[in-house]
Amino acid sequence: MSDFAIELKGIDKRFGAVHANKNINLQVAKGTIHGIIGENGAGKSTLMSILYGFYQADSGEIFISGQKANIKDSKAAISAGIGMVHQHFMLVENFSVLENIMLGAEESAILTKGITKARAELKRLEEQYEMEVDPDAIIEELPVGVQQRVEILKAIYRKADILILDEPTGVLTPAEADHLFRILAQLKEQGKTVILITHKLREIMAITDEVSVMRRGEMVATRKTSETSVEELAELMVGRRVLLHVEKGEAKPGEVKLSVRNLTVRDSRGVTMVDNVSFDVRAGEIVGIAGVAGNGQSELLEAIAGMRSATSGTVTLSGQPVDVTGPGDPADMRRRGLAHVPEDRHHTGLVLKFEEAENAMLGYHGDRKFGQSFLLDVEAVRKDAMEKIEQYDIRPPNPRLKTANFSGGNQQKIVLAREMERNPEVLIIGQPTRGVDVGAIEFIHKRIIEMRDQGKAILLVSVELDEIRSLADRIIVMFAGRIAGERNPDASEGELGLLMAGVEQKLEAAE
Amino acid sequence: MDTNTIVVLLQSTIRVSVPLILTALAGLYAERSGVVDIGLEGKMLAAAFAGAATAAVTGSAITGIGAAMLVSVAFSLVHGYASISQRGDQIVSGTAINFIAAGATVILGQAWFAQGGRTPALSADARLSTYKLPGADAVRDVPVLGPIYSDLLSGHYLLTYFAFAMVPITWWVLYRTRFGLRLRAVGENPGAVDTAGISVVRMRYLAVICGGMLCGLAGAYLSMALANGFVKNMSAGRGFIALAALVFANWKPKNILITCLLFGFLDALSIYSQNADLPIMSSIPDQAIQALPYVLTVILLAGFIGKASPPKASGVPYVKER
Amino acid sequence: MSTPFAKLPGWVEYALIPLVNLAVAFLVAGIVVVFVGENPLEAARIMVTGAFGSGEGIGFTLYYATYFILTGLSVAVAFHAGLFNIGAEGQAYVGGIGVAAACLTFDHTMPWYLVFVLASLGSMLFGALWALIPAWLQAYRGSHIVITTIMFNYIASNLMLYMLLNVFKPLGQMAAQSRTFEEGGQLPKLGGLLSIFGLDIGGAPFNFSFLVALVAAFVVWVLIWRTRLGYEMRTMGFQPHAARFAGMKSKRIVIIAMLISGALAGLMALNPIMGDQYRIQQDFVTGAGFVGIAVALMGRSHPLGIVLAAILFGMLYQGGAELSFDMPEITRDMIVVIQGLVILFAGALEHMFRPAITAFFARAGKSRSEAAAGV
Amino acid sequence: ADAKPAIIYDLGGKFDKSFNEAAFHGAEKFTKETGTKFREFEISNEAQREQALRKFAKDGDNPIVTAGFMWTEAMTKVAAEFPKTNFVVIDTVVKAPNVKSILFKEQEGSYLAGVMAAMAAKSGTVGFVGGMDIPLIHRFACGYAGGVKSVKADAKVLQAYTGSDPSAWNDPVKGGEITKSQISQGADVVYHAAGGTGVGVLQAAADAGKLGIGVDSNQNGLQPGKVLTSMMKRVDVAVYDSFKAGKDGTFKPGIDVLGLKEKGVDVAMDDNNKKLVTPEMEAAVKKARADIESGKVQVHDYMSDEKCPY
């Protein structure tokens, strides 16, 4: 028997012209947590997907527990004891939790028997790992954090000995992430092997035994976690030193630019998502909204941006009242000087099939500079896009390239460039750096601070507590649609975490 | 309208809704797996031809049904190959099948039987026969329930009973079996199915084959039960109506039954009212009466059902590596 | 490994691959031709010369192409906005009312070019109207447009039969059609255009509406890629949520896109009614609305592609007719089969040969670069 | 002379179970008897009418026969372009020195069918199934109604049409449903003028133990013993005669109106329906025929005023 749960030898994979994995060798010791880090597009997901049988390597060998394995599809991987939680969840959204868990592991041709068994087994697993989920809940109605739990349960349910998690904490709150890490530790105790892909070096330091670094399709190094440092890893990842702290001066808040009063938003099912929320954002300050994903932040941003109608409440923009209870008009909000960086660039902020230049004017396509009549001046559009590309160092610098062909970080820069360069009075930003690599994060953070210093009012929503703490001048914590509290950025992580978990609120209510 | 009229209308409703039910269910299997099928019309037509041609030659209804299903499945496999294996456009593939079936049935029919694309009239053995429910004659005179049992429920083709039985069976397959679970999943998120260790391609092929078989039965029913032989283009748009019924039913088996019966009833009603010289009806142009089912469908679409929510992945080829 | 992501030279992508696909379609059709006992090569020759070998042939080919350009554009415009308009057939049919009304009213008092303007506007108006209800239902009631447009096709055929019998048909006439228009209701033939190339149009009904179709193609190109409206339509088509984000009024766009789509389909009525028959007849659309779907898809919803695909289908219609003149065994049903095969191989199975062709070019590219390195 | 006869079918196609098919049979018979081959073409859209006529005329085919009332304009135009070619047009009138027009009095044959239907129908109700709701088909329906009412003034004639698009001529299933519906409303005999749809009409009538009446050609054999008669419209004879005249050089332009007297229309009597035709029925038909031929009874032509007085 080998000491290695997994050994990859000479894995090579091309996607057409893209060489995603170049002759990769990797050894993962049994019963350890092995981290994999790398910039966007380094090939981490591809490598793991090959291990999981989702993609086929062009060449190379896979050994599992010392045995050469022929993993021709995910079925083979599952029976070899591998489970994977994908970066983009592989769940059937209109299925119940139970159905998702059972899919592919149904036991028999008729479901009835399997359902009873799965329900019992699920309950056992939930108790063992303290992962509560309602087995009959429909996936699309669950917050992402819970969806991820389902993914993990799915893998464990299939008796995975080796669990791969691809950027699992991107969608989690610190508390949820902690919980996840406790589960991982527990799995490790049971002798299972975990491979963890993440962009967050602190997580690597906190939980892994070993860490491998990928860069541009190559495996550049593997280190024992105890023998390396955040700085070394960061350098290995990008090949240069990066700033992990945002330099910023004192905020000089001016007049109130955005004022929200008693805002209440219900979703299509009638569930109250934002509950009587009031706050102000002043010129020259960044107000951060922290909170576990799904506590109403998204709905709050959308209501302010005019994309969703509020049930009641008022919003005042630069002193002018806005009708937020009507059908909503994002175009009108833009005209009034509000810019919006939406949380989800793939579905909302960008049209992936458009050329870059076309996305660079999305929402502002009515501007006179893009054409005087109903006709668009394509030259002007491209020229404008090119200017933004240069300012934001968007790569590759080609305004005619399909947006889908830019990496996630560059796509995000396209959105930011568009919204920031309009020089808005008020900027609302959702998840500015989700899934973006370290280099790009640094750039984006700098730009946000610059905007503040130019006297813009900025409302920032992020599930990254670190990000909020380093950028915001004031932090509002949301829980269950309400404002759970407001703190200064120097509040401790623990204190904010309690607020995000709704603990404070319960205490207050008890008083 | 007296009971008799109502029974007559409902009988007609049952007869004409059978091919719609079978075809809409065929579409259900395919679309629930993520494969849009606008080739239903062509498959039904090809099956009607194959069934009648085989039955005419062999004199056996069972062989005819077998041939109808075989041909329809063959077309399904072409559609599957184009849209599953080759990831082609599913609408285009379906359109192609409709064209090919419309042309090929006539050419082959002419080549084999030299009756202008028609098949010879089927003998009694080669046709599907009707089946009387036990005791149908005995209870006919019982008021109300008697006619309902012996005239409405009894005396249909076995295929009719089968079509109606297929609705709960399909429901059961879809929601109570492993195959159904996977089928629904693959139409919603093929990635989830793939990573669960199930072959997306295999599931989709199975689904289109199921659809092909049902469509084959629908075709056989047209040419071997309702008519006694094949006439060119005899499907006469029923595949499209079935498709409408499928959407109208929001891809749900129970709704398909209701929708197809409704469409069938409107059809029966329009026929009935043309004949019956009802005082108001006679002043309405025939064309308005003919258009009634379609108009009503539109009105229903407008008023009662909200957004149709098709399977999320339907129409989208599963591509892992672009 | 799949390689379609690799870049191929433009001429391979846009010329070679479609041609290979077409060739295979004809190859399979050839097998069917052998099956009925004719020589496929001879059949192919007759077909191509029938369609392009004479002025008259070209005239007919382009006459049919006119139908398909307009219905193809109609389908494509809706498609860009994310709408599948299966109703071009019915919209074109109802569009005929506009043409007929203009011609019947003014044909003896106005010259053709004035009547033409009214007829065009009329056809677009009626086509658009017929698209309006499904559009409105989609936008405001969420009714699935594929289904409503299918229904509207059936309703249109009933409506039109009623109109033909009770409004347009002169008393005592057998056929369900209007009277023949006077000179003012007749578009000029484009024989002159072909005679520039020394071709004689003969009796082909190739007429002014072909130019209308070409202009429409250009206008659609401008609309889709050079106007704000087109930009908004494409945003809607690709990502409705992004359109909402960008402040676009989706209901308005659905309605406008469908109105334009219906208007283009309606405009098609010019070709048979004012360009050829000089009267409105039953079922003059003859399936062009459905062929338009195939044309739009084959033409990648791009006007240029649509024009080319429409000419291809025009060739099938005209060449096919010539074929059945000369080879009686090859009936019009055979032509339907051949069309089906073309749609299948050039449309649905378009990717079938791509990997092989890509691999070929990859290998060729490599050996060339190796050869270069060797030097 | 070397006759090169040609025939062009209408949109319904050569095998439409109606006049096109009858025309084809006439041409076939001609070839069988004379050994002279003929050319043929099925148009698939309006633009092909002129195209086909011109093509055949240019190729020297003579005479050229077309079937269907839609040929008027194309024939008028092309006949003028080819004055040396002889044309025959069936079911419509084109006045030109080289065109012969052949019309049928479908109402007269239908009248006889109506007489028989009324006598066979014990219930006093009969049915009529038309393909598309167009004037020509009403001519059949109206003559039929006239015949029925002449026997039983209070008889009920149910009328229905299949549809409005071309599939109306090829929908035996719907034909069958209409027939069943009429039978359920009391019809004992159902007459169809619906092309391929009629196959379903005759079958549904037979299945229900009732009687059908065929149209255009002799359809008595489709459901032997269950088809009361067929209203024959001798398009086949017209085509045969035209081809023959072309071959013999006896072509004469002008208008032929073929009614009962000219044997252009008739009701079919053969072994298949022998048992169904009672002596009284036979006598009634004979009398009606005599009355019509003598002009004593004028069967109303729906096309004359688009009204049916019966």
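In order of appearance the chains are A, B, C and D, and numbering begins at 1 in each one.
In this text, contacts are C-beta pairs under 8 Å (C-beta built on N, C-alpha and C of every residue); 3 or more make two chains touch, one makes a residue touch a chain.
If you want to know which protein each chain is, UniProt gives these names: A = Simple sugar transport system ATP-binding protein; B, C = Simple sugar transport system permease protein.
None of these values were measured; they are calculated from a predicted model.
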item: Chain of greatest Cα-centre distance to chain C; value: A
item: Geometric centre distance via CA averages, chain D-chain C, whole Å; value: 36
item: Intercentroid distance (Cα basis), chain B paired with chain A, Å; value: 46
item: Distance from chain C to chain B - Cα centre to Cα centre, in angstrom; value: 30
item: Between chain D and chain A, distance of the C-alpha-averaged centres to the nearest whole Å; value: 75
item: Multi-chain contact sites of chain D, meaning residues that touch two or more partners; value: 13-14, 133, 164-165
item: Residues of chain B engaged with two or more neighbouring chains; value: 106, 110, 117, 237, 287, 290-291, 321-322
item: Numbers and ranges of chain C residues touching at least 2 other chains; value: 1-2, 4-5, 154, 158, 161, 331, 335
item: Pairwise touch network: line, ring, star, complete, or other; value: other
item: Chain-to-chain touches, reported pairwise for every pair that qualifies; value: A-B, A-C, B-C, B-D, C-D
item: Residue ranges of chain A touching chain C (in the complex, touch as defined); value: 14-18, 56, 58, 305-307, 329-334, 340, 342, 347-354, 358, 362-363, 365-366, 370-371, 374-376, 378
item: Partner chain B, residues of chain A touching it in the complex; value: 15-16, 52-55, 73-79, 84, 86, 88, 90-95, 99-100, 102-106, 108-112, 114, 154
item: In the complex with chain B, residue positions of chain D that touch it; value: 13-17, 21, 127, 133, 158-161, 163-165, 167, 170-174, 176-178, 180-182, 184-185, 196, 199-200, 203, 222-223
item: Chain A-facing residues of chain B, complex; value: 176-182, 184-185, 188-189, 191-199, 312, 320-322
item: Complex contact set, residues of chain C against chain D; value: 60, 63-64, 154, 157-158, 160-161, 165, 169, 171-177, 180, 202-205, 272, 276-277, 279, 281, 283-284, 286, 317, 321, 324-325, 328, 331-332, 335
